[in-house]
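Multiple structures follow.
Next, two complexes with chain A in common: one pairs it with chain B, the other with chain C.
Take a look at the complex of A and B:
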């Protein structure tokens, strides 16, 4: 198992946002966490990234415990977070944002190559590289956010609501990109409110309700589950 | 005409000195969101380091400026790690109280240790040039040139170096900066040290061009806040422009009318700027 979350708990003050959640991600797999706003999906990703300290449970990466490690150590190990709402450094240029994605990389040659690879993947960003990233359209900002994460040459990508606020056409592009990234060997934890999209991309799905897992299983089974269909697929 | 040349040069050198202090303050605020009232104390201590090094011990002037910057960088970094770090993320009033306490402790000890008499630092550069009846001292010119070079160097550092990018990233969004692998705690002490060192260098200018007393930090803090508010919180360019405006007002109005009127006029200018641009000349909207 590449990444394992066991009985994870997260508290914000007295509020328990995550109430004992367990997940597992195999090499080359895409898993998805679906559920309504406030179900605790983002908190799980933040806990894996070390941005919030879990109040209980364990996070294991390649068999070693990583919970309680600071975010920079988690990034160093190859787990990179594409946060909800892109969270670009809006006052900084596209190029500077990408450069920061490879902050821990001391090899300037590899960093320059990485920026070129992102530009090859998203040619529009090459044209806009010297513009403040806050001036870009939503779709382009998502490209920068994903490009920035790829700059760290991750093994695991934690994607928080990548489809949020994008046009249908852009959502298709992001979906195609996620498929492509998996082919390139990345393992992905995908958090989505768009359950239909997420379950079509993922191998395995977890349905979260107020901090606990209500249901889990292979994506195709969840897609045909009448409960899921009614609550999350708008059927 | 000659008067204006002279007032102009004085205004530029004063403005650059103010700008150095204000840039330091705005850097510390921008990165850590703390109000560092003891910033003027760093300015004062920086001046006294050079005073003891050069005026008392007779060691080389420029080396003394560098030593002052390094010592105060270290002091700022230690203050951040020991006093402000534990308060990070808590109510801003806590760090405010700590920095106010620092003002009293540092300026009080300063008076005990350094004495309360006014002191001056002999400069490394002498002579000057008569230009159209105005006497322009080389000292002022050299010191102005050095401070311009420092401000440009800091600006380039923030634009070009990876650490500079990280400082700006932490200022804009600390959580997302951490997700890039940036150790925000490290950026905090670097920014605190750098900001304090800028104030120390301004203190060296003050001691050389004017005179110093251990109580001068308070007014420096007030002026730095005026400039930062006028230029826009967190903006280096704003602090530079704001510093120049205040320096010019101080120089021209103090020479032609009086120092009190200069202070009143500076506040009037700030009021006017804030009426038309509430977040300052180059300010962003901080949430």
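Take a look at the complex of A and C:
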């Protein structure tokens, strides 16, 4: 098992946002966490990346405990978060954003190669590399955000609502990209409100309700589950 | 963040060239050279404060760290009999070491709490100088801090000579600004600006935000410690009041009037406002009021500060020549 979350609990003050969640991610797999706003999806990602300290439970990566490690250590180990809302350093150029993604890499040659790889993947970014990233369209900003995460050469990608606020065409592109990234050997934890999209991409799904797992299973089974269809697929 | 382009480099070299010939331009007028020396101190203070600003915070303890450098160097002379050539480095080292120790709790605070905490640190530094009378001389301060003599064997330069001290101070401020520019245009500078813009995202990216904050603060305070030592041996007298919160606040005003996005901002702000302050000296009691008016006017009429002037002129020129 590449990444394993066991009985994870997260508190914000007295409020318990995550109430004992367990999940697991195998090498080359995509898993998805779906659920309504406030179900605790983002908190789980933050706990994995070390941005919040879990109040209980364990996070294991390649068999070692990583909960309580600072975020920079977690990135160093190969788990990178693409935060919600296409967060970029909006005043900095596209290129500078990508450069910062490889923050831990002191080999400037390899960093330049990495930037070229991102440009090959998203050719539009090559054209806009010297523009402030805040000036780009929503879809292009998402490309920069994902590109920046890839610059760290991660093994596990945590994606928080990558489809949020994007046009249908752009959503298709991002979906194709996620499939491509998996083919390239990445393992992905995908958090989505767009359950239909997420379950079609993922191998395994977890349905979260107010901080705990209401339902889990292989994606195709969840897609055909009448309960899921009613509550999340809008059928 | 980018490296200097050509017009910028020319502007900096022109400024340095003017600074180098200033004593000749003013016909070795001792008062005007004195103003020049004060300008170099203010530029160093503002520029190193700006380095902390690249993290997104302002430290009101900055003049306090200048004081630590000044007192350390002064006491190395008066108690140990070692000249400024030793005191300068000892002052910088002590200022940096204390900054390192203090920034560990200080950098865990954020935004307005950081301002308040740094304010308290500045006040505590000043009070310590005043409280330990036997060691620091209390509110009376330290006297008789002689300027150094440089003995090159074939040539002896006594820095009690004001022109000589001007060139020493000019060398120091040039080195300080150059170091700050180098840090800012490096990968490290880009990291500071990323923390400035979005600390949480910087953490997401894998940046060890806390460590970078501590290192940046320490570098800035080490640099201002050197400035403090030079100040002490120039004035030959220092007291706790010299390094109080007001001094930090004036440096902050220099930043705001000069501009906050490039190192040119604090340099332009400190030079121009020091000159304005000296011009207003004749007004005596009203000096602070006039100074306030100049400050408000510059913020209202020139948002973004003096550093935006070249861009504004370029735009104006393009508009008129376009017709």
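Simple rule for what comes next: the second predicted complex is superposed on the first by the 235 of 235 C-alpha atoms of A that agree within 3 Å, B and C clash if a C-alpha of one lies under 4 Å from a C-alpha of the other, contacts with A are read in each partner's own complex, and residues count from 1 in each chain.
Simple rule for what comes next: contacts are C-beta pairs under 8 Å (C-beta built on N, C-alpha and C of every residue); 3 or more make two chains touch, one makes a residue touch a chain.
From a predicted model like this one, the values you see are computed outputs, not experimental measurements.
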item	value
Combined model on chain A: chain C and chain B, fit or clash	clash
Which superposed partner A:76 touches (first chain B, second chain C, both, neither)	both
Partner chain(s) touched by A:87 [first = chain B, second = chain C, both, neither]	both
Contacts of A:49 with chain B and chain C, given as first, second, both or neither	both
Partner chain(s) touched by A:152 [first = chain B, second = chain C, both, neither]	both
Which of chain B and chain C A:27 touches, first, second, both or neither	neither
Contacts of A:96 with chain B and chain C, given as first, second, both or neither	both
Residues on chain A lying within both footprints (that of chain B and that of chain C)	49, 51, 70-72, 75-76, 80-81, 83, 87-92, 96, 99-101, 103-104, 148, 152
Chain C-touching residues of chain A, taken from the complex the two chains share	49, 51, 70-72, 74-76, 80-81, 83, 87-92, 96, 99-101, 103-104, 148, 152
Touch list for chain C against partner chain A, complex	1, 187, 190-191, 193-194, 197-198, 200-209
Touch list for chain A against partner chain B, complex	49-51, 70-72, 75-76, 80-81, 83, 87-92, 96, 99-101, 103-104, 148, 152
Complex contact set, residues of chain B against chain A	162, 165-166, 168-169, 172-173, 175-183, 284
